[in-house]
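As structure tokens, here come the structures.
Two complexes, one shared chain (subunit A), two partners (subunit B, subunit C).
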Partner chain A sequence: MATTMITTLDRSSRAAARGLSDISIRNLFIIPTVLFLIVFNIFPLIYSLGYSFTDFRASTNASANFVGLQNYRDLLNDPYVWSNFAITAKYVIISVAGQLLVGFGVAMLLNRDIPLKGLLTTLLLLPMMLSMAVVGLFWKLLYDPSFGIINYALGLGTFEWLSDPKMALYAVALTDIWMWSPFVMLLSLAGLSAVPKHLYEAAAIDRAGPFYTFFRITLPLVAPILMIAVIFRTMEAFKTFDLAYILTTQPTAELISIRLYKMAFQEWQTGRSCALAYIVLIMVLAITNIYVKYLNKVKER
Partner chain B sequence: MAAVRTSSEIGFNRIAIVAVLVVTIIFLAPIYWIASTAFKPRNLATTIPPTVVFQPEISPFVKLFAKRSQMRNPASPEEYAAAPWWERVVFDGGEKIVRDGKGQVQWSGYPSRFLNSLIVAITSTVLAVGMGTFTAYGFSRFKVKGEADLLFFILSTRMLPPVVVAIPMFLMYRAVGLNDTHVGLIILYTAFNLSFSVWLMKGFMDEIPKEYEEAALVDGYTRMEAFFRIVLPEAATGIAATAVFCFITAWNEYAFALIMTSRRAQTAPPFIPSQVGSGLPDWSVIAAGTFLFLLPVAIFTFLLRNHLLRGMSFGAIRK
Partner chain C sequence: MAHIQLKNISKSFGNHTALTGLDLDIADGEFFVLLGETGAGKTTTLRLIAGLEKPSEGQVFIDGVDVADWGAAERDVALVLQQYSLYPRYTVRENLEFPLKPKIRRLPDAEIKDRVDRAARTLRIEHLLDRKTDRLSGGEMQRVSIGRAIVRKPRVFLMDEPLSALDAKLREALRTELKNLQMQLGATFLFVTHDQIEAMSMGDKVGVLNHGRIIQTGTPHEIYNNPRDTYVASFVGSPPMNLIDGKLVNGRAVMAPLNFELPFSGGAKASAATEGRPLVFGIRPEDVYLESGAPVEARVHDVENHGVEKILTLRVGDTTLRATVPARTDVAIEQPVRFAWNPDKVVLFDKGSGVSLRHAG
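Then we have the complex of A and B:
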């Protein structure tokens, strides 16, 4: 009753009449943002879709020639590009798996009464807030084969982390794990603290072992939130550019965004790079779609 | 739980606490190392074994802000004696200026990059949070046709890989002369942060009870007045948290800045790594630049600590 009354008042009262109507306020608040995003995010993409069908090179004055699907055909037949995708896939799997293990593991350790727990948690979260480019830079100092503290601390002598073709991708992934495990930890802690205590009490009364408790109570209840962390990190790892670009120049660690950057801004194959950008874009949108669907599902619970 | 706690559980708890401490130390070691290197004289920055105990110096910071350049007229010992202390630090303790007999101290490239970072990050944050707050209110309070699709569209613009967006933006900016300008970078960062700010602010807006404004409307406020006088003050914490997140994102951004700027509007993230490029890098100076750059983010992380979960999950998880 009360609500209906207020709504009527809202529409017909003198105050509402002298101000803007709700509909015009709604439009005033929403439309500029949507327009801004269309102009600065969607319009450029339409622009580059056009270029992806041409042989345009931004480094020359030659006008663009329409080549149809040639760029897409070439890219999909290019073993080099496929290897970039394979490297990216490997990188995503290693770094997300590592973050999941470390992040969830540390969250399990932290999920108890610990003196200064809040301070420790905040300190542990610090790496993920830092600039990836600058993190890449100072990990270069840590990885240095002759004076890096990592080799010194682990007694590895002059082990080459970044200039060994076999090791470079793992080194980048290790830095990424250091940086982003805190993210998984943060989400896991939220999930763990939401598990009702009485379930553990019931399990203890039933004399359930720690493994049974973990696999039958903890894990299933934390799984949805872990899934959010995994999808989100997968998407971000797939897009990784800064970290790998700064840490190493090894072709074995050339992720797809680095390939794209080189194609566009070093080789100046603008048309072809637009086509590659579209292939990457479709993949990212697919992962984003899964992510948002999952978020909405978790929110509903 | 406490009542049924066994001695082995207490033992495990102790082990867990020790493990947490060890993990924290390992996680913080890289940050500690870069911070301590920033206060080392050059010859101690890259020693084998690494130098842990040393007399801290501020000379790396002086060198970070200043650079020496050749000067035609040699400086006399008297001129050296008259030079201010920071110039002497830049000239490696003063030996060289006397022996080489030339040199002049100027600002390095760092302060202007730092300033550019501040300008771009602050302006784009104000714009993104300002627009985002209005839009979030619109989505939170009014019926919008295709709301879910619109919100997905807004989020998806954030998920695009920066290089993908940067290629066409570079061409468009080149056509209108926005390459290497503050305005160009501010527009890009605003667009990038706007989607985030809408999503996060919508969560905060949803939490403000509708009844507050409805009461105000009954009292004769217009919708606008109710928004500015009732809703905005209630949303202040949310706005502040969103602003800090946007600031950090813009402050840390690398790919757009690398592609879109080269000198005039260049921000710190592409500049700092470029110092490693030539010759033997002076790691203590690079560490000093890194340290100063990371410091604001570290401080903000502490201020944000209660909102980190929410911000990092795009407002999906609230606690």
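Then we have the complex of A and C:
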């Protein structure tokens, strides 16, 4: 039946006059995209898979030697890499949880009739429209120990947000929360406004209190869309690079992507970094899969 | 169970006035039907009683207590809406348990189970208890939402056109069921509908609402036989009451532009005051009958066969009127017939105000 989905070309159209058939027009649109994908995504992906089994270094002229699973074995036995993963996990949990709380909370506040709601929503969306690098640069200024406005406002003196080994990761997560909460808010708002009003009325009639209504009606109905927000944000947070790279150089805030970058372009261990990239890829896929499974379960309920 | 009173209620939404000076008195254990067209203010009235809206003016009393400051929860009413408003993602059982489970008034588990099972039995949805609500048909959903109302044993049942989204057969079945349920529970019901058949068949009392005002309240019998004005006369009954302009001359009804005459037996009512005054004569189609020696000749304009009876549209000059005749009556379109009416059943309305002379006093 798939063929019936393709609209037939109008015989009197100019395209038909030039001798183009439906299929050639379809190909005209699809082939450039497919070529682009192959050249810039699929080819490097496969090529790097090959490199991940070698000791190739892009900085030398030495030819690559096949080393089998050595790179993987080394990486998975390297406690530093594991600590990078632990840092990343901590970062993902803090920043996604923060975004979820703030974003959903703000959405709950906005999900009522208030004046200037549209304007307010638009303004609240601004952070996520900025570029990561810009956000990183000006939060660096905000965090500045000597003239940053955060220390000034909170009266913290010269507290060093970004050079304090304990604080650096939280500072980066805070920036990420500021930037991406609006995204969660936007999705939550969509979810909240889709809950039919008469359900709330029915619940009020059924003498359900605000908490009971929230946990029994609002949350279950918004849960699937919240899950989607969580999936997106987890994947993004997992591969955070620019924000953390710009904000801090603390080893306690060295996310796996920064480690990967250093390994590939500072230490020039191209083969090994390819292997690490594959490990990260597999992890992200695994996490996403778990989420998607859970999402489907939530949807079914 | 409760006695409900609305006193001089007005409600407006912005510039739009939904209700004006509404008075309503629903006795304890009564099945009261609020009948009106779409937009007459029926749902608003219901929502005011439920506490989902606040009146702009006037007071609502439940059992003699002014409930102005009470929320929906405190009023202890149950509301069944036209859109079933079942809680999605829950099973039927969970939906029925919902109103019993909030922490503050949490009942013991055994009691919850007992009530849910009893409600399910009453509504014959026992076999559906473990099903998800989105796998139910319309009729089943509406039963569940009625079930959610009855598990709580509320003081008042409010029903907002609960049957209008259902197909005809089911509507008929649920109509009987609801009426039985009300009698069984002895509960106060306020039932809102635009369907005059529902109103007639279910109500102990019917209130006819038009443009935010109660036009008439009374038993279905009163509403049907003695409508307060031409609006009620034409709204209640299917086919509606025939309304013909005319005058009374010497105790006979003379139809104004057409000059056909019919006997009238209003007796004392047809006093000198009504003599010659412009009137509207109301007669139910079943009180118009065909007879060979009858006083007026008409032509058959249309025939609707309903099985048990035929509804004829008769034409006299430019005026048409409906007559219900037995199905075996043999008539053809354009056939000349003679008809008369039952002079005892004629209702007189004032031409100007539309109010029935019996009600005007």
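As a working rule, the second predicted complex is superposed on the first by the 255 of 301 C-alpha atoms of A that agree within 3 Å, B and C clash if a C-alpha of one lies under 4 Å from a C-alpha of the other, contacts with A are read in each partner's own complex, and residues count from 1 in each chain.
Operating definition for what follows: a residue touches a chain if its C-beta (ideal position, glycine included) is under 8 Å from a C-beta of that chain, and two chains touch if they have at least 3 such contacts.
Owing to the predicted nature of the structure, the values given are computational and were not obtained by experimental measurement.
Student: Between subunit B (first) and subunit C (second), which, if any, makes contact with A:221: first, second, both or neither?
Tutor: A:221 contacts subunit C only, not subunit B.
Student: Counting only touches as set out at the top, which of subunit B and subunit C does A:41 meet: first, second, both, neither?
Tutor: Only subunit B; A:41 stays clear of subunit C.
Student: After superposition on the shared chain, which partner residues are touched by A:188: those of subunit B (first), subunit C (second), both, or neither?
Tutor: neither
Student: Considering only the touch criterion stated at the top, classify A:22 as touching first (subunit B), second (subunit C), both, or neither.
Tutor: Touch partner of A:22: subunit B, not subunit C.
Student: After the superposition on A, what does A:196 contact: first (subunit B), second (subunit C), both or neither?
Tutor: Only subunit C is touched by A:196; subunit B is not.
Student: With the two complexes superposed on chain A, say which partner A:206 touches: subunit B (first), subunit C (second), both, or neither.
Tutor: A:206 sits against subunit C, while subunit B stays out of touch.
Student: Kindly list the residues of subunit A that each of subunit B and subunit C touches, one partner per complex.
Tutor: In subunit A, residues 201, 204-205 are touched by subunit B and also by subunit C.
Student: Which of the residues in subunit B come into contact with subunit A in the complex?
Tutor: Of all residues in subunit B, those touching subunit A are 1, 4, 13, 16-17, 19-21, 23-24, 27-31, 33-34, 37, 46-50, 131-132, 134-135, 137-139, 141-142, 144, 148, 150, 152-157, 159-172, 174, 187-188, 190-191, 194-195, 198, 214, 217-218, 220-225, 227, 248, 251-255, 259, 269-270, 272-273, 276, 283, 286-287, 290, 293-294, 297-298, 300-302, 305, 308-309, 312-314, 316-317, 319.
Student: Which of the residues in subunit A end up touching subunit B in this complex?
Tutor: That would be residues 6, 9-10, 13-16, 18-20, 22-23, 25-26, 28-30, 32-34, 36-37, 40-42, 44-45, 47-48, 51, 58, 106, 109-110, 112-115, 118, 120-134, 136-142, 144, 146-147, 149, 152, 178, 182-183, 186-187, 190, 193, 197, 200-201, 204-205, 225, 228, 232, 235, 238-239, 241-242, 246, 257, 260-261, 264-265, 270, 273-274, 277, 280-281, 284-285, 287-289, 292, 295-296, 298-299 of subunit A.
Student: Contact residues on subunit A for subunit C in the complex?
Tutor: 196, 198-199, 201-209, 212, 216-217, 220-221, 301
Student: Which part of subunit C faces subunit A closely enough to touch in the complex?
Tutor: Residues of subunit C touching subunit A: 50-52, 71-73, 76-79, 81, 83, 85, 87-89, 98-99, 101-105, 148, 152.
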